[in-house]
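In what follows, chain A forms one complex with chain B and a second complex with chain C.
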Partner chain A sequence: MTQQYDIVLKVSRYDPDVQRAWVQDYSLKAGGILRFVDLFRKINDEQDPTLAWSSSCEHAQCGSCGMRINGRPLLTCELLVETAMQMFNTSTFSVAPLTVAPVVRDLVVDLERAYQRIHIAKPYIIAPAPPPPEGDEYRIVPKVLDRYVEATRCINCFCCATACVTQKNHLGPNAMLVNVVRMMDPRETAMKQRAGLLYGEQGLPRCRTAQACSFVCPKEIDVAHFIALAKQGAFDPVS
Partner chain B sequence: MNARLYGVEGYLISLLKRSQTLSYYASSRGWGFVMAWAHRVAGLLLVVYVLFHIVTLTGLQEPARFSAKMAFLDNVFFAFLEWTLAVPVIFHALNGIRLILYELFGVRDEKRMLRWVFALSALYVCTLGLFMALGNQHISAGVFWLTTALAALLVTGGVCDRVWQTQNSLGWKLQRVSAAFLFPMVCGHMFFMHLNAKAGHDVNTILERMSGMGIRVIDFVFVVVIFFHAGFGLNTIIGDTVENNRLRTGIKMASCFVVLVFAYVGLRLVANI
Partner chain C sequence: MATSKNGLKIQSVLKTDVLIIGAGGAGLRCAAAICEQRPDTRVVAVTKVHSPQKSHTSAAQGGMAAVDPKDPLDKIVYHMFDTWKGSDCSADQNIIRKVCESAWDQIVWLERHGMHFSRTDEGRIAKRPFGGHMLNFGEVKAFRACYEADRTGKGIMDTVWAEALKHEVIFLNQTVAVELLMRNSRCVGAVVLMEHTGAFVAVLAKATVMATGGKTRMYQVSTNCRQNTGDGLALVLQAGLPVMDVEAVQFHPTGIVGPGILASEALRGEGGILRNAEGEPFMERYAPTAKDLAPRDLVSRCIMNEIREGRGCVHPDHGLPHVWLDLRHLPEHVHKTRIQEVCGFFRKFVGVEPQSELCPVTPTAHYQMGGAPTNEFGEVQKDPQHVVDGLYACGEFAAASLHGHNRLGTNSLLELITMGKVVGDRVVEYLRDAPEPGELPDEAGHRALERFSRHLEARGTERFAAIRDALRRLMMDKVGVFRDEKGLSEAIEEIAELKSRATQMALSSKTLVMNQELIQNWELNHLLDVSYVIAQCALARRESRGAHYREDFPDRSPEFHYHTLAYMPEFGKITLDQRPIDMSIYEAQGEHYERFAVIERKY
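Let's look at the complex of A and B:
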């Protein structure tokens, strides 16, 4: 039989009906390879069906289960009990929602509101370059793609935005990354518009190079490096 | 920063980790996050000190009053305070250079850079303490400031060359350029003032030095750059932390007003001595 651990979760709760916030302790026995989302499900099944939390794919691809565990923003669908115990050297964990948007209930935040920042950054190619005449698709050579392919792994889980040192008047590191990826993408031609978004008041000037974004990124993207490339002027001049 | 650390560095990190708050943020956001906040706090301390420094220096217009002030400050307690001021000064300066190297020169070895910031800060603070304790060092003001100003111009030129063609905002660029200029100038200033007991405390020595045209020009530029850097730094902190538009604009205008008034007083002081 696998080893069972005595875990205590101190969960930040919020009831929007009476606008009351409190911290509730849940003690449970859990195996080392259970994920934190499994712990929440266990609490729902065995102790408290009213605890609200969110997840979707549970494969670290959708970014909807981001939370702060002992203050660190991460995806709870990929955090194992054993990993957490090693990471924080404790079996007591505070569980709190991300800070990028208002809390809807308990651990659920208004992701639609958080995504407004991404919509501002335009997460698509604004003005695609025409495909070459000899074919019907635009091919990117591997050497060019290698420069920014790491940044395309971003799933907009908002862990970086929660960890960022600048919490006000800032679109956030992932929104910056949205622009950086498209500026490095040879298919994008709206470079002037992109530069306006990236270097604007709520963009790069608000970045303090604390690199907390890189530190917490669940996809291990060196976000700060890509943002620094933009500061360094590594992209082509405005067209 | 998760690797096991030894020696002075390991001891320093273990000391810092004793603070629950520092340990919490270092483990949940990384040391870079802690350094970013420390940079802000050190910057705010330095702004307050610069304003206080200008108020003290206005006494130079009445030498007797200035001498009385200096006599009041001439004791072990204030000497210790002056020495501890070197901590935010050198930390803010070196950490600023670390950030410039990361942002503009592509230096990504953060672990090594953080080590250098701690090691050089400790070296500067200890050397300054030694010179303050000895209090018997002498160097020609002209030679010292000419060398320091040249070094400042070289560093400034290097940063200017990197940052000027980028698409960053003008204020952002000027903040980096001014930081590059201030790095040798402020560190040099603090060092020079504590080489011997008279350099920073004796009214006649200070007046004689400041009346030279070369030193006056350097001081003039120094005051302009330092108040620009302080004012822009305050504005960024306000912009980063105050969400309400009206409140933010109000606080920014108030801080600009205070900085401009003190800059004017400082420049008038340099011009009239």
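Let's look at the complex of A and C:
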């Protein structure tokens, strides 16, 4: 087996029953290939079954386990102990929930509240283009698809929205991507409505081009690239 | 209304037309079908996860099989034949026909509703080969799997979830269904526990659709997500209803060593090759025609055999045996565009660069072919002749059965969208003159509240983790890829012992609000119940068929040409029954009917 490390997790906790918030330290021994979700499980199994945390697929495809580790939003299912030690040059880590939604308990946030932003951005095709006469699928050549396919990989983990420098009155980078994808999708015709959402009050004017979204995206999507395209007016139906 | 001894009670009642339990690909395809045809229908969908988009459908990778009517080479009958042969002659032919014939329409539905399929140079939906899918009745591999890179499940999930949003389906997120509500043998909804608030709510519905998905978290190495704990099957069993073919558990040949994360069959579809420790491409020895694209049950057994005979490797970090998947010879654009996510998993989780290094893989529990038995309309059966009024099932949770004892890759995503649609259509018909669900039945919630009371009041020093880990190990060792009478009998005894230990797990906190310990104890009971039924069914099936492989009975036997039904209203009180396999294609004696006889299965 690989080397065991002594790890300290300083975990933000919240008990809704008595509305108390505190930071609790957990010390544990762990191999370098363990992921942070494994550490939480280890704490539940060996030290404290009451610590609540979220995950589902545990391989970075669902985006349920986003948290802030030493302040940096990331998916804890793909953060290995050794990677984290190199990334932050320490074996002590603060573990806190994402900031985009209210905390339910400990590290569990009410992601439903965060998702309201995505609902506003309407992920479906609002007004489909006339279907092809052959009666089957639309034709989209790879050259067209390739322009926006990266943006379709977004899993709404809200790491970008947590990292974003504009926190107030802003739908956030991932909700912007929802709009960008459909504006680049040749099957969508509701360009005016989408432009209204994208360039509206809670949209792009709030972006300050810090590019934190691209920096933290666990799927390595260059979110800022798509936002820059939008800022250039690439999708403005008038131009 | 029911109140338990320690004061647990149903706090409110919600009335709706349709209740969907499990808001994954199948559940929401069904919701979309209902809302498209009957826009004013009130649909409530319950999910265990944070948001429907987090459902495990999103983790599916490879593709969806469908014969394109414009394909000059492929034919629907080949797809039907492959599915029949793949199932080891225990799928139902009426379902095979229904699903394969409607496959392309459902692909087009997804595409028209915004799914981002990968494309050919002409802009059409691209297709790739997958295990067991062949042209001309098994002669040569078929390009039949429509895909969105290696995130096809995500594409489906995003599409059906967005459609459900558009139609204003009401979602109850982070909510678990704890009891089915029955009145005069009609299902009238369910009691749910909303974890955010800790409230028990009775949802009264004219029609209830169960689509709770996968259920193989009882295995040590599994591709299933944290929430796939067999709750749906346990609910059905507790309601006195049967489950079918649960002994048929598919082990995916290529799980990434360690966490067991799925490494899609698409990797082999794109040309990846399995190699043993000596570098030999061993599948050529076992399946000379299909080679690396033989069906999953076969490939998993071959890998385990290589490991047993000393031609496997041991992973230095995880200490687990494995073989290699070689992707080094695949062109760079394939790595970058078609298998991008999975290559990322190898880099992140085992520190391997698939473009230049061999990838360590090992079989991992992946899919249960069995589930709640339904007829061809997705109506849940209480026995082979009768259905439960108002109760439907689709997706991995259900067994219609499209897969029999072994499922072909890409047929599961296909099942979600085709059978989801079928159930949606049926529910719309039912709603036309379905009576109101009425008031809350007197006994409503009684059983569930008693169970939660027992968890809250449990005393003892048993530890959850010890029981969970013991169960996972024994299921892997004794009810896994290889099985025999001795191992299965031991497993049954050991599970029963674990079940009694599980009553002695005292809780650290008695709150109902987001109490993960309470929920995991509740889930553990489901894992134990379902494991017990799997082991009993596996013991009773004294033959080998598809993914169910008995070393003491290595051949398929005509004596067992039926579906296993199992009832277990109370733990340990198990009754087994049979359901005949539908052979309607064979019996109709139409063109190619002889292909749908009970045939030999060679690849």
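Quick notes
Just so we're on the same page, the second predicted complex is superposed on the first by the 235 of 239 C-alpha atoms of A that agree within 3 Å, B and C clash if a C-alpha of one lies under 4 Å from a C-alpha of the other, contacts with A are read in each partner's own complex, and residues count from 1 in each chain.
As a convention for this text, a residue touches a chain if its C-beta (ideal position, glycine included) is under 8 Å from a C-beta of that chain, and two chains touch if they have at least 3 such contacts.
It should be emphasised that the depicted structure is a prediction, and the values quoted were computed from it without experimental measurement.
Partners chain B and chain C fit side by side in the overlay (superposition on chain A).
When the two complexes are overlaid on their common chain A, residue A:Cys159 makes contact with neither chain B nor chain C. Of the two partner chains placed by the overlay, only chain C lies in contact with A:Ser56; chain B stays clear of it. Of the two partner chains, chain B is the only one touched by A:Gly71; chain C is not. Looking at the shared chain after the overlay, A:Thr209 reaches chain B, while chain C stays out of its contact range. Using the contact criterion defined above for the overlaid structures, shared-chain residue A:Ile221 touches neither chain B nor chain C, since it reaches no partner. Vectors from the Cα centre of chain A to those of chain B and chain C enclose 170° in the overlay, to the nearest 10. The partner that reaches more residues of chain A, of the two candidates chain B and chain C, is C. In the superposed model, A:Glu137 makes contact with chain C only, not with chain B. Closest C-alpha contact of chain B with chain C, superposed model: 19 Å. For the contact definition in use here, the chain B contact set and the chain C contact set of chain A share no residue. Those residues of chain A whose C-beta lies close enough to touch chain B in the complex are 68, 70-73, 88, 163, 165-170, 195, 198-199, 204-206, 208-212, 214-216, 224-225, 228, 231-233, 238.
Residues 1-2, 16-17, 31-33, 35, 44-46, 48-64, 78, 80, 104-105, 108, 110-112, 115, 119, 122-125, 128, 131, 136-142, 144-145, 149, 152-153, 155-156, 182, 185, 187 of chain A are the ones touching chain C in the complex. Interface residues of chain B, counted against chain A in their complex, comprise 24-25, 27-30, 32-33, 35-37, 39, 99, 102-106, 108, 110, 162, 165-169, 171-172, 236, 239-243, 248. Taken in their complex, chain C has these residues touching chain A: 49-51, 53-56, 58-59, 70, 104, 107-108, 111-114, 116-125, 149, 151, 154-155, 158-159, 161-163, 165-166, 171, 173-174, 196, 225-227, 258-259, 261-262, 316-319, 341, 344-345, 348-350, 463-465, 507-509, 511, 513-517.
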